[in-house]
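Each of the next two complexes has chain A plus one other chain: chain B in the first, chain C in the second.
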Partner chain A sequence: MGATPDRRRRECSAGLVLGAGFLVSACGGPQSALDPAGEEAAEIAHLFWVMLAGAGLVWALVVGAAVFGGRFQRQPISDRAGLRLILWSGAFAPTLILAGLLIYGLRLMPVLRAAEPALRIEISAEQYWWRITYVGAGDVRIETANELRLPAGRAAELTLDSVDVIHSLWIPSLGGKMDMIPGRTNRLVLRPQRPGTYRGVCAEFCGTAHALMAFPVEVMPPADFDAWLVRQAAPATPGGDEAAFLANGCGGCHTVRGTAATGTIGPDLTHLAGRSSLGAGLMPNTPGNRRRFVADVERLKPGVRMPSFGMLAPAELDAILAYMESLR
Partner chain B sequence: MLFRRDTANMWTLITPPTVWALHFLFCYVAAAIVCAKDPSWLPGLRLAIAGATLLALGLILLAGLQAHRHWGFGDDLPPHDEATDEDRQHFLGFATLLLVGLSAVAVLFGALPALFITECVR
Partner chain C sequence: MTGSETDEDRKRREERELRAAWEVPTGWRYFSNVNNQIVGVWYTAASFFFFLFAGVLALIMRAQLAVPDNDLVPAGTYNQLYTLHGTMMMFLFAVPIFEAVAILILPQMLAARDLPFPRLSAFGFWCFLIGGVFVGGSILFDAAPDSGWFMYPPLATDTKQTGIGADIWLLGLSFIEIASIAAAVELIVGVLKCRPPGMRINLMPLYCWYVLIVGGMILFAFPPLIAGDILFEMQRLFDWPFFDVARGGDPVLWQHLFWIFGHPEVYIIFLPSIALLAMIVPTFAQRPILGYGWIVLAAVGTGFLSFGLWAHHMFTIGLPALSIGFFSAASEAVAIPTGVQIFVFVATLLAGRVIFAIPMLYATGALAIFTFGGLTGVMVALAPFDWQAHDSYFVVAHLHYTLIGGMFFPLIAGVYYFHPFITGRMLSERLGRWSFWLMFCGFNIAFLPMHITGLRGMPRRVYTYQEGLGWEGLNLVSTLGAFVMAAGILVLVVDVLRPGKPRAPRNPWNAGTLEWVAGDPSEPWGIRSVPLVSSRYPLWDQKNLIDDIDTGRFFLPGAPEGQRETMVTDVLDATPEQVLRVPGNSFKPMIAALLIGGSFIATTFHGWWLGLASGVAGVVAILVWLWTGTARIPEKPTTDAGMGIALPLYASGPTSVGWWAMFITMVGDGTAFLSLIFAYFYYWTVHAAFPPEGSALPDLALGMAAGIATLAAWALMLAARRLNATGRATATRLALALAALLALAGGGLLLAAPWNAGLSPTRHVYDAMVWVLAIWTALHNTAGALMQGYCLAGSLAGRLTATHDIDLRNVVLYWHFAALTMAATLAVLLLAPLTM
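Showing the complex of A and B:
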């Protein structure tokens, strides 16, 4: 009956090792502030480790003092010595440590704001997706949605705004979070270093589908980025038949540049099929998922403004999806 | 005058935190106005914050010297909890001294951002 103490200890250490493994594995991945892929995130990760080391040192000193007081120092000390102890370790030392950490933290502020980036990207948060506009030389505006691409090694300035409630943009692998406030434009400069795919999220509760408001961030080699941006700037070259798309009112909310669809309520769909995810990071952008999304969006994303189109005749839905498939 | 009193009272007690509050308001309100109206005044504002910080620390120091006197120059250790006039004075003096320390640190911490932030950001 029951495990022997030895066995229990073995199980316990196995559990610890396994638990530590899970913890450490959580430090990497596409959405981790501890696995920085950009300069700002690296500064913040460094700040975190310095703060953690400082907190660990304070903890060790306090626990050490408690152990010393309980185990070794059995005689009471004088009132005056007690007062001095409180003054030094309760007031002076914490003030000095806090001052050090505060100066170290404040030092980062100008670093995180500086630079005159060549690339400006306007991001507007709307319940529950991201309108993304690349502003190029000569104020050329290239609108896309729900997928951010950045060139590695170059600074990009994100100007952040919201049209409804307060949102917050956070790409932990690339930098700190910044609130997106209606009526105010905030600014965030990112300098991604390592190409790869990361994940950005809305970090301020904004409504029922807040947890479903994310976006993939693709950091690309600069040449690839430039080529991609040129392709994005081009109008759509739809291969399918746009009749069903337009007849069912899709163009009332969505723009497909170069066609009669010029709505601005929902995301720009000009190069929809070229994006990696669907519905603001909701699911991979596959033909099957696109069908589910169009037919049943209200169930997939509660609170979304787009109505579900599951009531359409299958042939009609097929035509719309074929048209979307051709928007590369 | 709050700074040349023979005895401590509630007013001398709250002098240091009041200086801290006024300094804090000055730093943040002035920075908000300058950045909204004309960011080119920012270097002047940072000097003004440095001046306000020195002034605030000076006033807090004066309050501290007075509190030290009201405390009886530390002749008597806390807790000053006897129901006597002397203990009341010592208690108020000592409490003011603690507030002097807190307020001085808070004034310095409140002014630190002006040391690092060199531009208004949109």
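Showing the complex of A and C:
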């Protein structure tokens, strides 16, 4: 397991040079399986480059032989030579190559899905957002939503389920995906290595707003993560006036821990303003976007269950937004 | 025949007779045509039209994805577009075009005048057209299915989230699947029984092998989906909880049933196109295929393996590591027979002197694209890599490389190759090149970047994406490529449709197989006389063959009684067995298709009574069609088949085509039934107790009574066959009547078993499963009773006699399966709970 993300990135560059015509742009990006930031993703990226090189070679040989035979060959080969070609190139060679590949590839499986839970996080998918609960020592449960933070260098076990339809959790920079199926609990172990900001998405079609079901993933130095989790565990310390928030029924769906808002239908908003994105990765969490979201959510995220509050008097909306702003 | 008739007179008379017997009707009666040459063209044109329609849907999607945060089409519409694109390409193009092309070229390849059941071909076509227009047209009313062509529950079973579109998908496609199975039965029997004398099974053109294999695959692959559709629609219409976790259901069962169909489906699509290449490559290499035995073996191997790898579509559902390892290995293994098939072509090219005409250009392009798709397939077959690639654009790229390289390009090679055979005209070499390079470049520009897009994290089935994720440039390039490819397809369409194409010479490519005997395609008879075959490439190896065929020196040179006749031969050795009189043109298949289709469509819109009435009328129409068109007693027992042999005109039992069709149909039927049994035991494996604790069980006594009644009905059928064969008509009739009553009683008693015990199908999946099995079996008893009644009527009307008993023997065969179905159902419903 000596694969480090840095080495993999060098491989990516090497791969780029090799397949210059094939790869039209770089491998990078906040959501790229070719720019790994975790052990699982790095192993798989390595596997990909090995397979790509092999595939390129096989493709060139097969297509080369066919084009040569079809266009340039002047002297037909004998039937015996042809039958030998079928047997060796068509049957024996693929058998050997595939057997080798299978052993090499499946060897990764136990490594990738091994259990060593240092940190357990329950993620439950709902149309079209993520309920995220950190389970600490002594079964302390800290609920948040739509933003995943992980400590670098530590394994995290995600237990995944769904309350409505099938979803799938995919953070390409960290590892492969795992489906979230009603009635089942799946496990996914990730070992992030490189701190940074990445992005996860729902990979299984889950309805109208499937395309808009994402979340930011923040891989942090372990000490920062521990400090952050302590802050998350604390109840909200709202500075604004909660009257408008509660009067308009926001608390019926959303929880703000430590206040009268205890709804569990929608995402927990206890530390909303401290998150980097809004609406399950829909847009950056800025005051302006929060206003757009609350006023016009049905248009911004079609199919969502939250109604738009654009009909509220401006002062009322201002009060709600000021309250949200204070939920740090 | 007078002794003074000269050879020239005889030839002219025979041609006149044949022309009269096979005449193509004109005016509105044209649509009553059932001959394979006409129906095949309709079928091909209709499925190609659906291809163009689905292609336009794809272009709209690509336009939407050209730039980030685009608002060209809203989310709901996009979801309909992608669902319908996949659905139509798979169900209305890729599979039907195989059947269409096979209906069109198979009989001529076998020197048969038609397929054994021409009216069944026509029925299949009309079902396909009606179902296709119903499913495809739904998008024009904003009512198309919108939860993906895979229709995963619980999203797709949720009637609040998915509207009428999901019902249109389920019922419309079930209807089309029935037509697909009908065509598969027809094609299998065609290959097995309608070969020309002398064409032993190891002399068949490779295309026929592929038709046989793919027909068999359809028979085992489609029924699980039909079983799944039944469960699915029962949940949507009546709230039976097959996929509802709260009441014991499991959404993953659908995934199993869908992919047990869905993965063989890929090879059902791929193999017929490889079959076209297997005809094209030897022709242009101007030599027989090298490794005939190898390629047949490899194709059979592919067919078998394709049923063992469905779970690789489910690597991310949390399967146990052992299952993943098994399905990974099986998925890799399928590359081996595929490799053999590819290298058979490569070796044939290397060992021949190749003429590089347009079909070869497409074949080479196909190989380049398909090999790439195959290699990315090897990648995604490895589970760890699939965890990244699954449901991303990498898989979109992979599947289009395999399908466009493995299916579409070979098909277009086939269009250029067979066009002169079908129309008597040549397509343009110049337009062919334009079309090829536009399609080839456009395709690669569109789909090559998608590998990267996917690995950079873009999931499938998203109607939009944000800026800044590194997907903008790649998507724009893909969109441009898609339109370039569309331009290539447009050039192809122009080439096919343009008037004034030059006349093709006979056998323009100097091919070696029998379809190229066809001269002027305006002659409706298929082949002038049915030759005696002694080679895999008779046109190359058998001297003077075309001339002998044309002058009528072989079998069935004329049609003295004005009947449509074709040869039926033995399954393995192709020794002549019968001269089969195939029925002529009729509107009855169309009417039956309209009525049955009407019943499906009415059910979609919850028009229960209309649906029932239309369905019953459809069954009546089919009975009328059978009564008037099949099992007719000929005016003489044998006829002069030519070449000095006389053959019977009537056959029953295993020598007859009808018996084989019944057998094959019941194998498919049995597969659907086994899929339901699989569902029952699947629930047993996922539940700690199944039946659940405290659940009522079906009434044992009633169930046993149902079994005894059905067994008695089956035994009486055996007796009826014996009695009839010994000429005891009255006893036969009594046995049939009693058997029908017992069959109905057996069905009724079986339904009473869960009813009496108070099993409520909406309570728990156990109850629902019991009811589904009971209804399935009771319906089989009812259909069996109907058949017994049909035989009884036949006996009374004098069309079923001691020597002419094909209907009776087919119904006995049906009853073997029906009795087995009842026995298995009772074992599962009554005995299995005792052991659990």
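Keep this in mind: the second predicted complex is superposed on the first by the 291 of 328 C-alpha atoms of A that agree within 3 Å, B and C clash if a C-alpha of one lies under 4 Å from a C-alpha of the other, contacts with A are read in each partner's own complex, and residues count from 1 in each chain.
Basically, a contact is a pair of C-beta atoms (placed from the backbone, for glycine too) under 8 Å apart; a residue touches a chain by one contact, two chains touch by 3 or more.
Quick caveat, the model's predicted, so the values are computed rather than measured.
Touch criterion met: A:106 reaches chain B and chain C at once. Of the two partner chains placed by superposition, only chain C is touched by A:62; chain B is not.
By the touch criterion stated above, A:95 is placed in contact with chain B and with chain C alike.
In the superposition on chain A, the chain among chain B and chain C reaching more residues of chain A is C.
By the touch criterion stated above, A:204 is placed in contact with chain C alone, chain B being left untouched.
In the superposition on chain A, A:79 makes contact with both chain B and chain C. Judged by the document's definition of touching, chain A residues 79, 83, 91, 95, 98, 102, 106, 109-110, 113, 187 lie at the interface with chain B and also at the interface with chain C.
Only residues 22-34, 41, 43-44, 47-48, 51-52, 55, 58-59, 62-63, 65-71, 73, 76-79, 81-83, 85-87, 89-91, 93-95, 98, 101-102, 105-106, 108-110, 112-113, 164-166, 168, 170, 172-173, 175-179, 181-184, 186-187, 199, 201-212, 302-303 of chain A touch chain C when the two sit together in their complex. Across the complex, chain C meets chain A through its residues 74-76, 79, 147-148, 152, 154-155, 158, 161, 245, 250-252, 287, 290-291, 294, 298, 316-318, 321, 324-325, 328-329, 332-333, 335-336, 339-354, 356, 360, 364, 367-368, 371-372, 375-376, 378-379, 382-388, 390-392, 448-449, 452, 455-465, 468-471, 473-474, 477. Across the interface of their complex, chain B is touched by residues 79-80, 83, 91, 95, 98-99, 102-103, 106-107, 109-110, 113, 185, 187 of chain A. The part of chain B that touches chain A in the complex is made up of residues 77-78, 101, 105, 108-109, 112-113, 115-119, 121-122.
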